[in-house]
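Structures are listed in the sections that come next.
In what comes next, subunit A is part of two complexes: it sits with subunit B in the first one and with subunit C in the second one.
So, the complex of A and B:
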């Protein structure tokens, strides 16, 4: 190859690089509000809302979708480190990570906006919707108390029942209590219909189901005392919680392979009428609709074992947005979020995406299944708002214990003993670590 | 008697081997067949119909996937990225590998091991520094930034492959070229590159697949929808909790066609390249 050819190649590459680099970062217009999110199924309606907002106010909101969630988290993490977060961004990580963002000055405190005009904005939303974004006085994360995010929807976990399959087994109404529920599972088993399905191959669903029953059997105070370490898992009330799984197993009503089933497969089973009951989150309305629009089902709280304490289910703000503390258009960003959580926009979001609205006033204008779900919002709780949380290793031991009960390998009493032993081990470990830290100080 | 036994054993071995190979081939083909079959069905029947052949064929899924996934723009972007990155990798890696193989310069081995060592760093581990670097260079949200990053991702393996190839190239060929008046670049262009064609085919295939299927880095570095590659269009069918399987499968079928075509076009070279990486000249 002669020097002329080499020169031509280098020249072509040089020109190519210039052309490609022509479209490099354009400075963001100071009037625009940039919003990042990962909610693929809500992108269209968010774009539509941004368009409407521009029509009404003249403010340009650019909605940018980055999915799936884990890739989105990477992008947000990288942007946060480079101090290049957008004006509004969706929260997707744990409360601890959220707290880190707040402490490092990436999230604006929205408390004053929520409390303006006699707390009008705050009052329009479900109180539980804000819990995930709220930090109280003396919170364990060391964050200044306040509200740091805006929920655009809420979720909760309930029991779903297939009306047609229950009718086949001779039941017109869902069960009123746990004993009746077990009776129904047995009746369904007799006519060859799998009774109950859930994604119990995923630890969090078992954790959720068991903590619902723990609240119902022993009340919130005793559950918290257990998490703190004051009440052992060998307490008779905790054995009763494990008994819930044993009774369900003994009824023969659990779907085959339930302890290894991911929630996606459990959702398919219920949507395709291969199980009469399912334990799932409110997002299932959309999932079931896509798989089987003709599915006829109802929503209920898990049937209680005890009538002394209320049944508390997991639920909180579903998807939330935060405002970048460094944003140059912070006021505009907050105004858009306020507008997006108003009644009319919330009803549109709920109808289009089949998620529960975070605005309680929008409930009247949404499909009935969704409003049935929202009716239980006052009975919700969530580990992120508890004063104490269980050690993850104990939670895992608990989960494995439940699996052993369902497999018939262990009794509730044995599992309770094993979980308590693990709890004790972890308490002692934490003590050792704290002692070491104190000595180092 | 012995001959009959020998034949029976041979037949048995052959049947067993072929059964095994057929089962492996079927297990590889099944996901592809399932993808095409699901792309032609409506969302309600995907999980209820057991047959591999849909009763009603819905070609409209392809149109919807193309339109809803904004595939027109993404497709062109992917073609641009794949072409630019592969050309860049072939150009740089062949020059670098030739230099590592034939030239003597201080720190040659250290540089080479640094390149090879770069293969050990998982991509997600470099996201944050990469993002900060690109933002400082003003290359964030630019096609050039993404292309340069992807070239960088593909270089280590390509250099390693080509260096191994050039190491085995007989020095006599270079001497002959030198007598004919070739300089270093001339030898690289007229002698080394033509001989390395099988290895280059492997590099082209591997890197084409890598760039065509990549989206994590694109999502990290690009913000404008108009600059995103095809894989990002496919992501739009995967919701947080629900998946539009019929559109997702149609999108996947569309996106896999170019890759299959590239593979079919270069099939001969890739097998030859893998088999003869140590035989040169």
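So, the complex of A and C:
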């Protein structure tokens, strides 16, 4: 019986420890503001800002890094499912998922804070920076109109060219249009210089590049009509978008292994002058500087295929943070984000990380190399501000199709057909779900 | 009295045993049974992971999965890697274990060396091999070690785009997977070989048996249970490969040529936001692995009986 008693006592102690620890976790420093992010390159400066903030206000902000972005998304998703999100968290997922978080009551509406004092906070930021976090009246997601996130910087994606390598191939200026670009890739190939590199081992970079050309070839209205399901991917204009990749492949100007190359390796290739052109985001200024401070390069919009429609590039609020609606320190969390987007902090962020600040007043203090990137801010767009978004399964098929074109396995027409078949499949699936919902109602 | 005493004792003993086993049972239920039931429940739902809440759709996810060519394509890819691992990896592990079981010089050193790859992180192994198989160039020189060596040793015609060519990518990944995993088999085989009574070998030699006959009639039958365990572990490890894959060809993979089931499940959950479908994929995948393991177990029992 003594053994039984000992067993019971040990078990009770075990359960007791779990319960005590649970309470401890629950009551963990109610004054502290917990912030989760995935920005490896900005972690040091965010920690520094949190330290400064404590010095100035006495409020403790705990900055916790979870990287890479994929792991971060999984952590945030799991926390959202368990309703255990921190006070502040970085938004890294699609607009639809963001909207789902809002609809499930996990994101605080910050509109009143932005509009206080005659919209002082809102007016201090670039309008484009707020677009990704803003939901307008009658948005397709069914979210109450408002602003649900705070951008700490802005980004955009452009084409970069190595001035020295272009000069070697006899070019003094970057290409004006796509035909000239292809000509340059061929010329570079002839003298043994890889022409173009990008992290096309990552789906989103191909998605971004193809979306740029889709806007240029057919215009925004037709792109949106495709996403809505009114225009098929087999439309000649979409085949032209796939042709962009085929022409680049046929020019011989794509870097070896581009379709499995992660962006960090592509960045390395461009920084170490292993490729003349790169497609990358404005954060690359920091990355290239660290790898090769003497790299001489320029920034340009991807060369257009035609001049019927403007070339639109991806860009807006680069890294945004939301406040947990359920947070017990919501006001403190908002105060910290407001402080972080003030001019001084933004200037520090821009200086330390070489990212474009979201506060327009801080632009004067940014390194000169970034100014070229800011000039294209008016030409930016992003899936988070589009009225319609493509089904991720169709996006995946599109990506795999582009890979097949580059591999030489499939023609643009075949890929267009396959993408359309997947689109049709997903439309029918959505219809089935909606019908089921209607029947249930 | 004589009847009631043992009954009371049995009850006491049962209670005592149950109490001692209870924490383990509770932990098993909380961390295994409940999640499994939850995964099965979600496999019958349409759910994006957040909002709106899960909606019951019956067996739709399973029906869709049965028709999903990409899913079955990924199973074929994983099957290819598994076959390579079952043959190449396990033969290598067995041969090295046989060598290290003999009185050879520095055998302890070899044992340590052969066990280094399994203790390395998969992501590190993937990145190292990605560099070895890299196909880029700078200043007219190959950056990847293999291509560099091929070019320098008079074999430039063998220089290849190893990880971006559908013909070689999956084979390269399989070889790296084998390199990473053979150490486990080696350790198990070596442990098994050391349990075989040396008198059996001596008796066979006295009877005039040659090396091949000793191997065939003593070593292999005695090692059969270990071989089955290693095969089951190889199948489970190889079918579930994905970290090396991500490290070597990225999460996007090489079109559909390097897609494997775990990556498909990850995409369904994180990319497509179809948690229900991801759960149904997990269940089918789990069932397939259980069937394969059971198949090897049956074979093992037959070998034992024989």
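Definition applied: the second predicted complex is superposed on the first by the 299 of 441 C-alpha atoms of A that agree within 3 Å, B and C clash if a C-alpha of one lies under 4 Å from a C-alpha of the other, contacts with A are read in each partner's own complex, and residues count from 1 in each chain.
We take it that a residue touches a chain if its C-beta (ideal position, glycine included) is under 8 Å from a C-beta of that chain, and two chains touch if they have at least 3 such contacts.
Note that the structure is predicted; figures quoted are calculated from it, not measured.
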item: Partner chain in contact with A:123 - subunit B first, subunit C second, else both or neither; value: neither
item: First (subunit B), second (subunit C), both or neither touched by A:167; value: neither
item: Partner chain(s) touched by A:81 [first = subunit B, second = subunit C, both, neither]; value: both
item: First (subunit B), second (subunit C), both or neither touched by A:256; value: second
item: First, second, both or neither for A:66, with subunit B first and subunit C second; value: first
item: Which of subunit B and subunit C A:201 touches, first, second, both or neither; value: second
item: Touching partner for A:396 - first (subunit B), second (subunit C), both, neither; value: second
item: Partner chain in contact with A:104 - subunit B first, subunit C second, else both or neither; value: second
item: Partner chain(s) touched by A:192 [first = subunit B, second = subunit C, both, neither]; value: second
item: Residues of subunit A that lie at the interface with subunit B and also at the interface with subunit C; value: 1, 74, 77, 81, 272
item: Of all residues in subunit A, those that touch subunit C in their complex; value: 1, 3-4, 7-8, 11, 14, 70, 73-74, 77, 80-81, 96-97, 100-101, 103-104, 106, 192, 194, 200-203, 255-262, 269, 272-274, 391-393, 396, 399-400, 403-404, 407, 409, 429, 432-433, 436-437, 440
item: Subunit A residues within the subunit B interface of the complex; value: 1-2, 5-6, 9, 13, 16-17, 20-21, 23-25, 38-41, 43, 64-69, 71-72, 74-75, 77-79, 81-82, 84, 268, 272, 281, 283-284, 286-287, 290-293, 319
item: Complex contacts: residues of subunit C adjacent to subunit A; value: 12, 15-16, 19-20, 22-23, 46, 48-52, 55, 57, 60, 64, 134-138, 140, 143, 161, 163-164, 166, 169, 248-256, 267, 270-273
item: Subunit A contact footprint on subunit B (complex, rising order); value: 43-44, 47-48, 84, 91, 124, 127-128, 130-132, 135, 138-145, 147, 185-186, 188-190, 215-216, 219-220, 223, 225, 227, 235-242, 244
